[in-house]
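Below are structures written as structure tokens.
In what follows, subunit A forms one complex with subunit B and a second complex with subunit C.
Entry: the complex of A and B
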């Protein structure tokens, strides 16, 4: 088994003159609670190249969502810098689509009004935004529920509606925080296939946080495994350029990679925290 | 409902019987006398212009308070530095009893409907402001984060995210605010007007007419009661989609 493992740089060499879409440079972040400061992530160095599909794996509470929040510009790092296209990020990163762990649909707006919202903000004419939102809803299989309120949808349907809202304004980078965790196995497979197609078709860059090893192996080009809190990079595994893994991926599950990731995570985990 | 009616009947009977002893009838009147007065007022049409004037002033005061109150609350919730600037002044104004402002209002804008509207607006402003400010300030961070990532600016975030997210709090504070506007108008009429239910009370009291005072109070109580019920059902209807959300 020859799995390439490397830390942050060097795997997907950035094209000359083209900065990584996202770059964490010595980023650390602590949260203070009742005057005690707990580090959530510790000196993370990671480069995400254009067009990469990266899965973040790590024990619950290790700091994965914190990393996405940093990438989205919602919080500032204590030390280090988050770069977008080579520039330090100041304020919210509006070039990414961020599907948060809680879907954050606006409950007072219908499903379609939720999906048209980012287009309204971008002042796209009414007719066009209706058409684009409807097309995206059809795509995630919610065409028939456009006029429903989010409260009338199931958990999985809400996730799909939120995904439609995230994709509708064509962001070139996606931050996805456990997007499929509320779906049943069947729907999850269908959504995973759709996502991968969409990503390939549009050449998107993706950061996907997941607890599902199989999902990470099936979808990602690169898997970053984090330690328990404070998050450090344990492994940074490129699976795209590994023919044996590609072959095994085609024949469904990759047992050996799965086992390897599992044992990595097992060391970090209390039993039962991983599906 | 039935039980409330029964309790009310019992109290009225006790009052009617109790007022028969000694000279208390002079101060307390009796339910029969009060009912008599109410009947007389509605037959002669004497009470309607007063009631109408009070309701008009209340609605005008409420309108001003609702608009200014929610706008201030929204601006302060959206901008902590603006909030820090205004909070002390607002708190000082809030802790001043509104009735002591009535003489000042007369001094500034004279008597008539204007000071009544002003006092009504002032009374309900603080209830509306503080009620909606709390809700607007504590809107879940996930909505605000969503707004930020979707590229919403200051105003879009305030009006499309924060305001609707705090909807239930604002509705509740408006409900309370309407009652305060109504009572504020009556207070204003007691000192600065020659029409309205407040004026009617003062006039009746100075004419030693306890039955009229109590009849006016009954009218005020009935209107307040009606307003509360109207608003409760309106709030329920408006909040229904949000409750569906909470259950999901």
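Entry: the complex of A and C
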């Protein structure tokens, strides 16, 4: 098995001289709890090229979220460095959009006031931020619900409102932490399709954390498989994106990919259980 | 004659029924109070509702009750204002900057537990018996309710909301204005519910101990001459005032709740 972390330059990196959007260089991170230090991730080396859609796949609680938090600049690595466009990241990464399982909509603000929030903080004039937020809400199909409070929306609609808020300030990189796991199967499929369309349209770079194989295969161009905690890179697989992959999931190619990924995860789960 | 025609119904709405129930309870208590003392020896000790009502009208007519109410209400309102502003502000600071909170929280918890009325003599020694000193005392008492409300409100802001603001590049003032203050609103409302009656108790206690005016002063002068009617009249008026102020301000605050 390929234990050694592999460096991928990424299939979409059309300008070889250009620095990767995000680069994890020998990054480790431990968390201490009651005087005991537990390593979450260990010596991760990964480059994310511009325009790549990368899925981080691994067993639950393996430290994938820690990687995203590092990329977002919400936490600092113990060792190594996280580079953004070739520069070490200091403080919160304001160039990324971060969408987690929790939609984090502020319940006292209307949907549109939630979407304008990132623009308000960036001191965009009121008229412009209203227009941009409205355009983004229309795009995710929530135009008619702009004046509603989040509490009046369904889970899927709240998620779309959160997506609109994440995209409204034109981040070039999206960090997604199991964003659709709380949705029912149909809403999830619809959101996945909408996400993929938006990503292609806006030319975004995406880091998607998931433990759902099908989601990874359906959406990503590249899948990085992590071991159980502390997370190490087990496999780094480029799968070319096919726009019709949602329909193609049943083909033999996907089937074999699915089997291969599944056996990797299964090994990790068994190793964890025997511990 | 059609069977569909509804028979005359005496349907009473639930809220009206509740109101009637409450009124009947009050009426029953007042009736017992009015008529029972005649058969006992405590007649002159607890007065009667009719005498109390008569006294209240008399006091309103000669302006005494209005004058004393204004004195007490100004202590209460200014005390609530200054204590509320100071408590909310410091609570927010301590809740927002965790290290500050970790330093001051145990000390304030200790001070909160102190019976403040035990310090009234010292307050008088320090600040005299002016109205200003009443405001200060009320402010000291209510300070803690607002401090702990904002402190807990700020500390309980979910990480997902904090991350959202951080990744938008919000500075401390933006975070406080956009997130921390509105997120603590429910806590502030709870603090107000507690602080308003406590403000009245504080104002009255200090007026009873050292004052030349206010409803507490009226209670004291009445009871000092064994005037049960006067004492009960002053206390009844006080309860009405405190309840009205409490209910009105809570209503006002709640109506503002989701407007921003």
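Everything below uses one rule, namely that the second predicted complex is superposed on the first by the 241 of 275 C-alpha atoms of A that agree within 3 Å, B and C clash if a C-alpha of one lies under 4 Å from a C-alpha of the other, contacts with A are read in each partner's own complex, and residues count from 1 in each chain.
In the analysis below, a contact is a pair of C-beta atoms (placed from the backbone, for glycine too) under 8 Å apart; a residue touches a chain by one contact, two chains touch by 3 or more.
Remember, predicted model here, so these are calculated numbers, not experimental data.
Enquirer: Using the overlay on subunit A, decide if subunit B and subunit C clash or can fit next to each other.
Expert: Aligned on subunit A, subunit B and subunit C clash with each other.
Enquirer: Contact-wise, after the overlay, does A:86 reach subunit B, subunit C, both or neither (first, second, both, neither)?
Expert: It touches nothing on subunit B or subunit C.
Enquirer: Name the contact category of A:121: first (subunit B only), second (subunit C only), both, or neither.
Expert: In the superposition, A:121 contacts both subunit B and subunit C.
Enquirer: Does the superposition put A:152 against subunit B (first), subunit C (second), both, or neither?
Expert: first
Enquirer: Is A:102 touching anything from subunit B or subunit C once the two structures are fitted on A? First, second, both or neither.
Expert: both
Enquirer: Considering only the contact definition stated at the top, list the common interface residues of subunit A for subunit B and subunit C.
Expert: Shared contact residues on subunit A: 72-74, 92-94, 96-98, 100, 102, 104, 106-108, 117-118, 121-122, 149, 169.
Enquirer: Sort out for me which residues of subunit A touch subunit B in the complex.
Expert: These residues of subunit A touch subunit B: 69, 72-74, 91-94, 96-98, 100, 102, 104, 106-108, 117-118, 121-122, 149-153, 158, 169.
Enquirer: Can you check the complex and tell me which residues of subunit A touch subunit C?
Expert: Contacts found on subunit A: 72-74, 92-94, 96-98, 100, 102, 104, 106-109, 117-118, 120-122, 149, 169.
Enquirer: Of all residues in subunit C, which touch subunit A in the complex?
Expert: On the subunit C side, the touching residues are 158, 160-161, 163-170, 174, 178-179, 182-183, 185, 257-258, 260.
Enquirer: Which bits of subunit B are touching subunit A when the two form their complex?
Expert: Within the complex, subunit B contacts subunit A at residues 142-143, 145-146, 148-153, 156, 160-161, 164-165, 167, 241-242, 244-248.
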